[in-house]
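What follows is a set of notes on a single structure, which appears directly below.
A, B, C, D, E and F are the chain letters, set down in written order, and residue numbers restart from 1 in every chain.
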Amino acid sequence: MKSMKKVEVVVDSVYLSRALEILERSGVSGYTVIRDVLGKGERGLMSGDELTDVFKNSYLFTVCEESIALKIVEEIRPLLKKVGGVCLLSDVVWVPH
Amino acid sequence: MGFDLLLQNVLNPPVLMFLLGLGAVLLKTELEVPQPLPKLFSLYLLVAIGLHGGYELSKSGINLDVLKVLALATLMAVVVPIYAFFVLRLKLDVYNAVAIAATYGSISAVTFITAGSFLNALGYKYGGYMVAAMTLMESPAIIIGLILLSFFVKRNNEGINWGEVLREAFLNPSVYILMGTLIIGFITGEKGWKAMEPLFGALFKGMLAFFLLDMGLVAGRRISEIKKVGIFLLTFAIALPVFNASVGILLANVFGLSKGDAFMFSVLCASASYIAVPAAMRLSVPEANPSLYVTMSLAITFPFNIAVGIPLYYFL
Amino acid sequence: MGFDLLLQNVLNPPVLMFLLGLGAVLLKTELEVPQPLPKLFSLYLLVAIGLHGGYELSKSGINLDVLKVLALATLMAVVVPIYAFFVLRLKLDVYNAVAIAATYGSISAVTFITAGSFLNALGYKYGGYMVAAMTLMESPAIIIGLILLSFFVKRNNEGINWGEVLREAFLNPSVYILMGTLIIGFITGEKGWKAMEPLFGALFKGMLAFFLLDMGLVAGRRISEIKKVGIFLLTFAIALPVFNASVGILLANVFGLSKGDAFMFSVLCASASYIAVPAAMRLSVPEANPSLYVTMSLAITFPFNIAVGIPLYYFL
Amino acid sequence: MKSMKKVEVVVDSVYLSRALEILERSGVSGYTVIRDVLGKGERGLMSGDELTDVFKNSYLFTVCEESIALKIVEEIRPLLKKVGGVCLLSDVVWVPH
Amino acid sequence: MGFDLLLQNVLNPPVLMFLLGLGAVLLKTELEVPQPLPKLFSLYLLVAIGLHGGYELSKSGINLDVLKVLALATLMAVVVPIYAFFVLRLKLDVYNAVAIAATYGSISAVTFITAGSFLNALGYKYGGYMVAAMTLMESPAIIIGLILLSFFVKRNNEGINWGEVLREAFLNPSVYILMGTLIIGFITGEKGWKAMEPLFGALFKGMLAFFLLDMGLVAGRRISEIKKVGIFLLTFAIALPVFNASVGILLANVFGLSKGDAFMFSVLCASASYIAVPAAMRLSVPEANPSLYVTMSLAITFPFNIAVGIPLYYFL
Amino acid sequence: MKSMKKVEVVVDSVYLSRALEILERSGVSGYTVIRDVLGKGERGLMSGDELTDVFKNSYLFTVCEESIALKIVEEIRPLLKKVGGVCLLSDVVWVPH
């Protein structure tokens, strides 16, 4: 069992692919995505029930070494600054198999 | 007589279904048409008009008239976002002006379809090439908008990714499906249409009614945002379509389009995009506020066109 | 002859599809009809009976017969939950008695539709106003249930939010859609129905069969809960519908309804809600156990009515 | 980067709007919702596959200051007591943008 | 003439819709048909061929010809995975050989349906019992595959759970639905079919076209994986279907099947499963790589059969 | 309020029922499941958009005592070894009601 960092991101669905590119570039071993997540934040309600995909979030998390986590944070910050969203860090224990 | 037309337009199932959806939100019922059902309906409608348009085109062939319509369509698709932009700049920053101009420079397939259904009820027809014209009018506004943007704003950190933009514009799903099914309808002609007609012809009006129920819900949910839009944009969202339609009719008459084609062309000019363009703007102009351009297009212009605009443009 | 009817009812596609769904669960296949497809089917069926009922009503007009039926419907919708409640109190606490009584006081649109399809197969018809009657019978049981509750339980911390309750009752999605499409069908009459018929008329039986496949799955998943329901409630879930249907037939004969209308009315009396009322009860009476009222309605009464009840009530 | 509390709630979908009201009243800056979550707990299986929405959960989380988290906990407890569900607290680091 | 057939096959709406879907992925449009819409279409198609096949069977009755076809079907379903396995073992480990052999031993309903549509366009018909034959051919390959596996690999930690395997094989959703609706169609005969025809008959070709659009998308997404499959498996994915079809035709001629039946039988032999068998293999043979067997079946064999195979097998 | 362990699992949807069996056997009081989760890991992209359910993940979490969490970890490890997936442990505070 190994201490790792969990990085969670909520971002406008339109920008999901950019966020995933950042993860890949930072060298994560994998990630998990939940599309079609709703929410509310600075930019108002993302009710997800539009014809347009414009008001819809995606949620993703990745588990990685702290150094990679910091790289992600650094790279994702400008994206979130521009398009909104949330990024969280927390501690988890990874059960290797 | 104008009022008669208005009534006749409103009192038919698709428009009433739209009002029913609108009412469901205003009365706070919990009615919803959950995703991906709206995607099913909109995909169905696109495929249906594409196949049918292609079939009609295979009967009429591609002649001078067709080319005339396509040229007019391209012209309007380029010109509308430009003058819309300068009007909007009177009150708005560049980003929002670009996004809204692009929205109004493009078209709404459902408005087109509802107008077609209205036209048919009056015994008129329109050419299958009008669907081609619609397809042509969907994308240019996105490009024009972004050209305007790069003209008026020098972004330091990162330029516009034109490859992505062109792809968003010309290969967005609705343009692709319309184009593709138009070609399929054209190639497979009479025989193809006969096999597809039970699903994509006979059920068309019912599906439109079903979809408009959902459009009513979606528009209704945005209605509370109208007050944030402000009086300038509210006026804009009604005046510009009427103006665009008038220009459209004028051009159509000058170039001698048939009554049906001229009407459908004016509806295309008057309609505003609420799927393809907003999606593209959200991606390329994140500085613009989607609550403005989506609300205007979806909660003001679309209902206006459906209920009042269509008979009005017909009357013109 | 009774047995013939039973067989004829069971051996038609919709009922067989229900059994197929039921069997899929019992045999542990992994068949599922994932959400929101069931929502699509149920929305379709509601719109279809609403539009068709409205159209029929526009032909027959609103006359004394219609008012008679509506009055009877209202009467039963008020009376059934009251006597059901007192019977249930013999064994249950107030909360569960209220929730189950409300469930049985309301109606099931799919049972109604299946009965209509059975009736048509025998060459009979029912009036479009029966759909109005059904709509009327959906909500009162919720109100009656909550009045009974506030009568028998003094809640200290928080009273019932009557505004929310009335909205849940009269503006729940199915009542709203039925009401709305009934009006649309009525207003747009012959011409409207002609445009809608290919989708909402011709496909109706097929869609019903499709939906009943899913109902079979849903009912099947609840079957394992029946043993938790107990013998008292099991008996109740079969005896009450038969009793309600008998009362319904009696009233219908006294007031001189036609054969078709009387049958449909008895089916309405016999059916129990498994969507609108449970949703309202879950919200307003959280103390009641949804495993009881949903299981009874969905896994006992619904299949009973579909397979045995419908021919039985016809025979009465 | 700022230490914050993550509050997670799983609740019957029917009561989602009440839970969100509590969040809003407590002054959160935003929240994220995943509708149509399944589960099992004291009140049995929420299989989410019913016609009725009666057996379906929703999941939501919000990231906020500890003081707000405690307010939420206090307000949501009676709701969960009455209608069931789960509420969790944990530590996260919020990446500001 | 062979080329004419090819063209005629390709130039009809369903196949063109498949190409449209394929193109959407290759051109990187964002077109998608989100779940559960594909499930709706595939469920619809299964129910439709089941009901229609059952109805046809009720007309023809069950006679010697039918039994002959069913026996041939069973034979091929058992033999194909065995010889496929030994061919595959030339290059692959046991796990992957088993999974791929089982995939090719089973069938693809959509390939069958597309072939039927091609056949009808040429004015031929096939017997309703071919649907029964298809149903019979879906499962045995799974069992044979796992028998081969337990023969060649001695797993120490845990044996194969045969109960689960048999259930996966014979009660997987598509087998269950096909079987069930076949019986329903058979029982309810002419009258049942008349009620179901507007949904499950008239709309069939349109729904097939819609579904093939999605199949094109799904196959397109796998195309980038083809290079990982390697030249051996690529050749296998085209050569084996052609070989299987030839064996099928030969057998069909020896046993005197009609032209239409023989053709449909050869298509069944040639087609490979991409839903039922992969799901079963993923569960029972986790050691095998799904990227291989799904990609081969979906991105190579399916498009090959749809575009080239069908007219080819007809020509044979 | 009580300190507990949160166990999160991402696993191929085909194996969801086996993972849930393990939870039940280990004696958890409940769990929450999100079906249809996408992701990327050692075994490539799970894009979830196939006709086949073969490339689709499910996500589940349960909150339980540490001892139960360890039991789950022990039992789920061989499953994940065989079929892939991820298992995470973290600390949460359970708000009792």
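One rule holds in what follows: a residue touches a chain if its C-beta (ideal position, glycine included) is under 8 Å from a C-beta of that chain, and two chains touch if they have at least 3 such contacts.
Source: prediction; values computed, not measured.
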| item | value |
| --- | --- |
| Maximum centroid distance from chain C, chain identifier (CA atoms) | A |
| Between chain E and chain B, distance of the C-alpha-averaged centres to the nearest whole Å | 40 |
| Between chain C and chain A, distance of the C-alpha-averaged centres to the nearest whole Å | 45 |
| Chain C: positions in contact with at least two other chains | 32, 34-36, 40, 203 |
| Residues of chain F touching at least two other chains | 34, 90-91 |
| Every chain pair meeting the contact rule | A-B, A-D, A-F, B-C, B-E, C-D, C-E, D-F, E-F |
| Residues on chain F engaged by chain E in the complex (per definition of touch) | 12, 14-15, 36, 44, 47-55, 82-83 |
| Chain B - residues contacting chain A, complex | 32, 34-35, 38, 42, 157, 214-215, 217-218, 221, 274-275, 278-279, 282-283, 286-287, 290-291, 294, 298 |
| Contact set on chain E toward chain C in their complex | 35-36, 39-40, 43-44, 47, 51, 167, 171-173, 176-177, 180-181, 184, 187-188, 191-192, 195-196, 198-200, 203 |
| Sites on chain D touched by chain F in the complex | 8, 10, 34, 37-42, 57, 59, 73, 76-78, 80-81, 85-91 |
| Chain A residues within the chain F interface of the complex | 1, 6, 29-35, 63, 90-95, 97 |
